[in-house]
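The following blocks contain the structures, represented as structure tokens.
First chain A sits with chain B, and in the next complex the same chain sits with chain C.
Take a look at the complex of A and B:
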């Protein structure tokens, strides 16, 4: 029975099926919002308002010819997409989208998720490296350079709510604002860290203005230049899921996860159902609303990412390194100090 | 000292809208050497013109470029009119100039969109191209066509403008001017965009003059040269306009020059429409045979000075037509301006001259004839070889 449950968790919810489905929905949303901001209509024909377009794209890619360059390292070339997809899937399993204690939740899972979210960047670097094409090599080195720029500010930003909540467990950080009555104001306090995290996440996802590694007009497809067919489809899916996991992580640690309304009481006694809309609804309805709440917050984060994408030009690799070390890193340190000060005063 | 890598870009590359080959030597991300190679787009238009009469040439020359199509026909008819000694009626000149300025407008708007796309600013690209449609609609209203207007003819223009059309176009100009001013603001102020273009692709004034840079590219390096003012043609002697120059000497300067030229062009179009003289639009009777002699015509195309040289020999067909498209003058300088920049700057630096490779492309082919051991094959030999080849391989007899 237990094994079946775990299998369901991994394969259906919050695992493979849910992550694939919801992340393609997020990609559709991103494309639609981006298109509307450019006075275009975006995907239109597959499903309602083109909602199935991302899935159609992936299916189409899966059916395409798969070409491996003769000079490339065959095995490593094929392994990299799978490695990065596995990493983001695993990271997604730790997100508390279902249960206060997600089935494999433990003290310190935040670190594990952050670590797993770094793997795709390395996989992308190695993918470019093993492709042996000048564009791939350029893209690969850019991936790595960019990694050094955004990773530290991202970690620092995510550290802030963890210190505030006094826990390394994502679900505990998520419910922290809702456990004590009137405690929701910790969310606005983390605003600077939230902004840093959004910018760093955009860089992690390699989207405008930080799409330097795969800048189409400069390095064609960056590390993915030589990829085609199934392998490219897997990378595409991985990118979608990375966006979902990243956005959901930010929603969990900064926006209070599945909680919605401020309410008091001890988290352990409240449990999942009570926690959500607690005394107001309870039961399955409360649970569902909690899930919807988290997904809405994730969608909000993706909406912010899309807006950022529409509003900027792509910056250069030297500019992103300078930007993140001159602004993002000091901002996150300042935020960290603010939180420490509050903690020392006993305000939190 | 890092290793030097050879990075080929082209003939097929996402940043190129037309095929051309660029070879860069890079150390890390820095470019230490740049070369370019053309010849993927040669169509032999100059040669085609020699086989056609002057009116047919107009339609061929219109197709040199998909964007500055009017520039090439105007330059050609001006040269032909010089040979024929024609005096074009005032209204004809005004209408011709009107299309010139509208063409400059849509070409610069197109360029702004492309430049934004090259640095990943797709929102500006989409919005600018949306509003470029207004210009295209105006052009369609005037000429009936969106790209190859076919409005020029020797001795004037082919279509007149009615009073309603004139009013309608004036009304369409209002939102266009407002929006172009808004885009001018974005193109010169948006931090991430300006951060990408300021100080990149530098070309000093001295070097620009040495390399014969023309048009907005030259003007952005402080070369104060504009054929419309320096060697006026069409209705320009009667019109008032500013020549925009900039001392920035980089891509930012080129954006500045172009966006303010857009605004200036909007005003010029309005000025032309408001002062449109009455009268004929073309010379009624034009000789089919053009007297012997040669004439040169200079024209300020959106991309810079366009030069056409025409030699007539007393027949209906020109003996020689020579086209010097503005990209020809700018391409070398642009390739040079990339050296010292980063790989990320290549697309925008090359695009900053608004290149049009198909306008420029000329080929010189030196065939290596293995059988005869000679470097060159004569035309007769090549023709004979073709006939033999088809007879042998395809069974076609000529």
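Take a look at the complex of A and C:
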């Protein structure tokens, strides 16, 4: 029975099926928002308002011919998409989307998720490296250069709320603003770290203005230049799930996750909605509201990412390195100091 | 059932690669116009791709100069199956204004198989959308 439950967790919710479905929805939303901001309509005729467009793309790619270049390392070439998909998918399992804590959560899962989210970048680098094409190689080296730029600010920004909450467990960080009455103000004081995390997440996802590794006017398709068919489909799915996991992580850590809602008996939930609904909806309904709350917050983060993508143009590789180390890293250090001072004064 | 799903996905998500084989740039501007906000080909799921490995449809303009012919062939061979070629503009269909010149091959179909011809000098973006839609209806 327990094994069945775990299998359901892994395969259906919050595992593979849910992650794939919701992340394709997020890609559709991202494309729609991007199109509307460019005065376009975006996908229209694939399902309602084009909502099935990402699924059509992936099914089409799965049904296409799969070319492996003769010069490429056959096994490594085929292994990289699977490795990166497995990494982001495993990271998604640690997110507390259902209960207060996910079935495999433990003290320190935030660090595990952060490391798992680094693997796709390395897989992308190795994918470009093993496909042995000049454009792939250039793109691959850019992936690594960019990784060194955004990774440290991202880690520092995400660890700030952890220090604030005094825990390395995502669910505890997420519930922290709602545990004591009137404690929600810890959300606005983390604004700087939130901005840094959004910018670094955009760089991690390699989207405009940080799409330097796959800048099509310079390096054709970047590390994915030689990928086609099924392997490209897996990479696309991986990118969507990475967007979902990254956005949901930011929503959990900075925006209070499923918070402000009743989550069963063991935690006091004193947010506004908790006060309103807590008396009437216990158990399942409260859980559902929590899930909807978290998904709405995730969607909000993706909306911010799309806005950033539509508003900016691509910058150069030296500019992103300079920007991260000159601005993002000091900003996150400043945020860290603010939080430490607050904690020292006993305000939190 | 499975075949139907694949066919649905293929008609809903044609990714295009734009290749200029010696055109005067007029058709290329019109292709870009079709992708821009006013006509917005992404409504039909069309996306412009940078590499032939990702593309399903090759939008080829120009009469194919003798120098570019082997490169065009190579680009075509790099695309994964199933693939289709659209000859964009009078030059790509038959040589157009360059017909009879010593250095051109008079049309894309001299080198690679063409699925749809869109004549015009230059083509209108509407003509391109119509041609691609007819091609997808045939698929």
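Methods note: the second predicted complex is superposed on the first by the 328 of 348 C-alpha atoms of A that agree within 3 Å, B and C clash if a C-alpha of one lies under 4 Å from a C-alpha of the other, contacts with A are read in each partner's own complex, and residues count from 1 in each chain.
The rule is short, and it goes like this: a residue touches a chain if its C-beta (ideal position, glycine included) is under 8 Å from a C-beta of that chain, and two chains touch if they have at least 3 such contacts.
Here the structure is a predicted model, which is why all the values come from computation and not from measurement.
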item	value
First, second, both or neither for A:64, with chain B first and chain C second	second
Of chain B and chain C, the chain that contacts the larger number of chain A residues	C
Which superposed partner A:220 touches (first chain B, second chain C, both, neither)	both
Partner chain(s) touched by A:39 [first = chain B, second = chain C, both, neither]	both
Chain B versus chain C as contact partner of A:319, first or second or both or neither	first
Touching both chain B and chain C, residues of chain A	38-40, 216-217, 220
Residues on chain B engaged by chain A in the complex (per definition of touch)	5-8, 13-15, 28-29, 116-124, 126-127, 130, 190, 192-193, 195-196, 342-347
Of chain A, residues touching chain B in the complex	37-40, 134, 137-138, 141, 208-209, 211-212, 215-220, 310-319
Interface residues, chain C side, partner chain A - complex	5-6, 8-10, 12-13, 37, 40, 42-45, 49-51, 53-54, 56, 78, 80-82
Residue numbers on chain A that touch chain C, as the complex places them	31, 35, 38-46, 50, 52-53, 55-57, 59-60, 63-67, 135, 216-217, 220-221, 224-229, 232
